[in-house]
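Each of the two complexes below includes subunit A, the first together with subunit B, the second together with subunit C.
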Partner chain A sequence: MEDYALRLDQVNKVFLSKVKGKGLRASLRSLARPDIRSVHAVRNLDLAVGRGELLAFIGPNGAGKSTTIKLITGILFPDSGKIDVLGLDPHRKRRELAFRIGTVFGQKSQLWFHLPPLDSFHLLGRVYDVPGRTLKERIDELVHVFEIEPLLHQPVRKLSLGERIRCEMAASLIHRPEILFLDEPTIGLDVVVRQRIRDLIRTMNREQGVTIFLTSHDVGDIEKLCRRAVVINGGEVVWDGTVKHLKYSLLNRRIIDLKSDGPIPLDIPGVRTIKATDYSAKLEVDLDTIRLEEAVQRIFASVSVQDINIANVPTEEIITRIYQDTEAGATPGTSSSSSSSSSSNSNSNSNSGSGAEPKGGRPCRA
Partner chain B sequence: MKLVDTDLAKLLAQYVKLNLQAAMEYRTAFLTQVFGMMLNNGVFVVFWLIVYQHTPGDIAGWAFADVMFLWSLAALGFGLAHALMGNAFYLSRTIYNGELDVFLLQPKPVLPNLLWSRSIISGWGDVLYGILLFALTQPLDPLRVVAFLAFGGAFAVVFTAVRVIFHSLTFFFGNAEDFAQTAGELALTFSLYPGGVFEGATRWLLHSLIPVAFVAYLPARLFRAFDPGLLAIVLVADIAIVVLGFAVFARGLRRYESGNRIGTRL
Partner chain C sequence: MSSIATGAERLRRGTARTRRGTGPLGSSRSAGPSGSSGRPDPAGLLRPAGPLARIGRRYGAVFLSAARTQVTYLGAFLFRNVFLVVILFVMYSLWRVVFADSAIAGFTLGQTLWYLTFTEAVELSRTRLHIDIQDDVRTGAVAYTLTRPYSYVGFNLAQALGSAMVKLWPLLAIGFAVAMVLVGPLDGYVAAFPLGLVAMMAGVVLGTLWVLFIGLLAFWTEDVSPFYWIYQKLVFVLGGMFIPIDFFPDWLAALSARTPFAYQAYWPARMMVAPDAATRIETAVGQAGWIAVLALACALLFARARRRMHAHGG
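On to the complex of A and B.
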């Protein structure tokens, strides 16, 4: 038996949307003859996530992330394709599946605003048919893990956002779900609390064996937590591989920060000046064109170097580039100066799943 | 199949408890809503007293006590609907704001879970008022008390089902909130007046689109003179309306498009 937590096979979801021009006249026209257009929110989506994985599911706003989660959790019906979550069809077996999955939507709360979290925990225990004694033990366990003892008796409205999210996560685990969907769990949190939440997510994954399906716009969440990342744009998976691969190999570039005691006139093929002043420069080295060692040697030969720092392209920038490339119709991981994608793109994914090959991006909005 | 799902019954009890707890967080608002509603309803008794003092005999066959029965039944039913199934009132906005997600992610039947999750606290004022008015204006033999409570429960469920039907149109038309609210208000208003005064198209309306007859007028007739045939008609009609409510909601749910509104549970 394949050990998948979930599999999506050629899943499509189209929304109908009314389009209206500007002004009253357009509104009147729209009233008489509405211009209905279809928006392909999810297009031929294939995805497999192994049990126990901690997956980052990322994409720009409107990419189809939330729609995908809603399809997987049974909130939305797919127009076509097959979805299998823990061996169940989420739409035919919604209630059966609900016992086995948990969700935390950073923007939506399942706690009662005017009541202390403990009351909501007891309600959720009832919703998930957790017997009384088991519920008490489970609440004690979660209170210990999430360190929420002092918060249990305060109305949720009086909790800080970080405290509330900790309680939300505890609430979502009351019924011991096998998969936890976290949609922007760190949104709006300060750096210290964000780190705390990340530690808790890691604990849930490693110690409790919960499969985590994480969406986030925070690159730190992805870098620090996830081994595998799936990038979605225009409703399609445009990249699927390890975060390490994403970070170190995909764009095959390095950033060099340089300081010198004089002007920095550089003309080295494969080395592009991103930003320069009289005595400093930020350079981007294209490793498909020139080896890093050679680039550094030629820089040292041309300029009197006072200080040098070589770094990978920040992950945030890589992800932005993937979004831009797919929207422009290029293949993610290819640069404008290089016609072939990075050779390292063929690295295999060590996780179970649908493989690490980056997929060619193309414009995909209807 | 179990006649009563004990897990669901326990969930309803938990919701009632939690909603009362949440309302009592604001003591003054809670007391004002409950007792303010009783006072508000009390004013109408004075109004009907004045009407009957100036009207010789009955109004379309309805004596003062009959109208008071109608009022107590409507107050009990309407109050129970608001207190126990208050989210029906907000169903349209729950749909168009994409707030059904929470209920779709839980392993309980969506509609009951959704309806029970919110209480309109003033409904408890209506419930108390309905019971008090019944106790003060009607003969109190046990059978009549049980029948009154049963008809009150049926009123609540059917009234909620009618709301669900109209609000579920939001799934199909984008926003049917105003239409549904108007229909709900019409149902309540018609249920407070003697059925005999309505004729023609209005009478037809009250047996179909706004089926007040089956939860108010006909139970009132049964209360005056029991008729097994009439009771059967009432039961069949009530069950049909509730089944229709579930069916329209389930049909609409397939068209649900969710949303990304930021929100909390109140």
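On to the complex of A and C.
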């Protein structure tokens, strides 16, 4: 039997919302005959996350991320489908489940604004029924790991954002949750603090086996932390695979930055100029059309190259492309669908999660 | 005995049950709704707490945190009570003319001003919980609270009561000082105070339950200010906020006296200025009944509201 932290099976959630036109007349009309429209927030969602996994759950605004998290944590009721989180049905056993999960919302503090973090830790200890002596030991451990000793007695309102987030994360672990939901944990942080928070997240996952469900718009968080990414758009999973695969294989392209001592007139099939000035150019090589080696040879043959840099398509761009493709109704990464599907079996999976390892990368909407 | 031993044993096992390694962030469960299940206790000394004790500790902690938050800005906390001085002075000036040297419906000028200090203390100590809940609903922040193992209604009630109970004391102190200066001491104040204070606290609970109920209506309307406006006026009039309802015509006084608004303002204040056995019984029974009704109404309303919870904020 596979060891899942959570599993969603054909889950649907439809919201009904009243739509009102402009002006007084429309307002009056909507009172008498409201125009109710349905929004399919989550559509036939299948998702399995293994214990100990560190999963990036990403999507554009309004894609259904928050709704999915609310369904998983028992805040919302699904219209149909089955949800299993740590062996519990979340919307029937919400409070029981709450003892076993933790949450950090980057934009919403769980600490009391006017009180020092230590007071909030004690309050959370009470809320989660952690006995007094155990709570003290637990707080000591977390203070040590998150290095928040000097912050413990300052009111939260006086902490910097980075300091507050460290305290938030410590607070979320008071009751030793098995799954931690992190929603934009690095939002608004500077690069140094962001890296520190990422290190702490990695520590929680790798050393202690906390399953982490990360939602972030920061591609750095996803690249540096997660082995697996699930992309959701329009309420559907449109991509589920390893971040490595997402990065290297989905859009089978490379970016070449070129500098020369003269103009760069290029006409090579499979090589597209993204941006060009007189002495530099940014090119995109379609590896389905031309091999990288051949493209480079032809560039060198055409231009006097002073400097060259070959890189993968930035993950941010790949994700944007997935969003755009799905919004346009196309299969994500259709421009390289053959390579995508062919590589899906060969992609080795480094996921440490035991139960729900993705089989390479796969666009989920064929 | 054996159940306690078993519980302690389970607690000990909880300590050893770190799932992966022995790191400080170990994710093995330390607590749970069943109380003792999986709870570590290195010394093995803990007895599993009963469900009522756990609930009491949980909401008690929320209550105390809210109370402490209230006095963060001590200067502002004390200064905002100056409004009470103004109200008392204005009403005293008015009533001095109206009362002359007589009594109205058995109340002297002194009793009426003292009465006002108590009704105002209950009224002004009430929190703006309805606005907080309305904002929670509008922004979707209500969802964050629901990932915790407590009741949304219970959490908000404990938090609001923690704030209100702290706000009550300086209001009572200021009311006491102003009334002493303007009309002198209230006969029987010391004897009436203990039970009167309990009744006033119960009045605060009633008022808090009302704003909680009104706040929960935001799940349907998103804007609860009209409901609050109506409620406030009902407390002013039917609750006997400014004048004892004994001043009303008989039919209106009889009607007002049985409303929850009167048990929030009139009856607790009457317990202080005109205490007798009948008033005490009437107040205790009425307050307990209305608190039960409103608490149940809030619980039922939230159960319905959870079904309506949807996409605010994603």
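Keep this in mind: the second predicted complex is superposed on the first by the 335 of 366 C-alpha atoms of A that agree within 3 Å, B and C clash if a C-alpha of one lies under 4 Å from a C-alpha of the other, contacts with A are read in each partner's own complex, and residues count from 1 in each chain.
Here is the rule we use: a residue touches a chain if its C-beta (ideal position, glycine included) is under 8 Å from a C-beta of that chain, and two chains touch if they have at least 3 such contacts.
Predicted, not measured: the structure shown is a model, and the values here were computed from it.
Superposition of the two structures on subunit A shows subunit C clashing with subunit B. In the superposition on chain A, A:E207 makes contact with subunit C only, not with subunit B.
In the superposed pair of complexes, A:T134 makes contact with subunit C only, with no contact to subunit B.
By the document's definition of touching, both partners, subunit B and subunit C, reach A:L76.
Look at A:L118: by the touch rule set out above, it reaches neither subunit B nor subunit C. Legend: residue contacts after superposition of the two complexes on their common chain; A:L173 is shown touching subunit C, with no touch to subunit B. In the superposed model, A:L266 lies in contact with neither subunit B nor subunit C.
Looking at the shared chain after the overlay, A:H144 reaches subunit C, while subunit B stays out of its contact range. Among subunit B and subunit C, the chain that touches a larger number of residues in subunit A is C. Applying the stated contact rule after C-alpha superposition, one finds that A:Q110 touches each of subunit B and subunit C. Shared interface residues of subunit A, touching subunit B in one complex and subunit C in the other, are 15, 66, 70, 73-77, 94-96, 98-99, 101, 103, 105, 108, 110, 112-115, 119, 122-123, 126-129, 155. Residues of subunit B touching subunit A in their complex: 7, 10-11, 14-15, 18, 21-22, 25-26, 99-102, 104-109, 113, 254, 256-258, 260-266. On the side of subunit A, the complex with subunit B involves touching residues 15, 66, 70, 73-77, 94-96, 98-99, 101, 103, 105, 107-115, 119, 122-123, 126-129, 155-156.
Listed in rising order, the residues of subunit A touching subunit C in the complex are 15-17, 39, 41, 52, 61-62, 65-67, 70, 73-77, 94-96, 98-101, 103, 105, 108, 110, 112-115, 119-120, 122-123, 126-131, 133-134, 137-138, 141-142, 144-145, 155, 173, 175-178, 181, 203-204, 207-211.
Per the touch definition, subunit C reaches subunit A in the complex via residues 11, 15, 18-21, 23-33, 35, 39-43, 45-46, 49, 54, 57-58, 60-62, 65, 68-69, 72, 140-141, 143-144, 146-150, 306-307, 309-311, 313-314.
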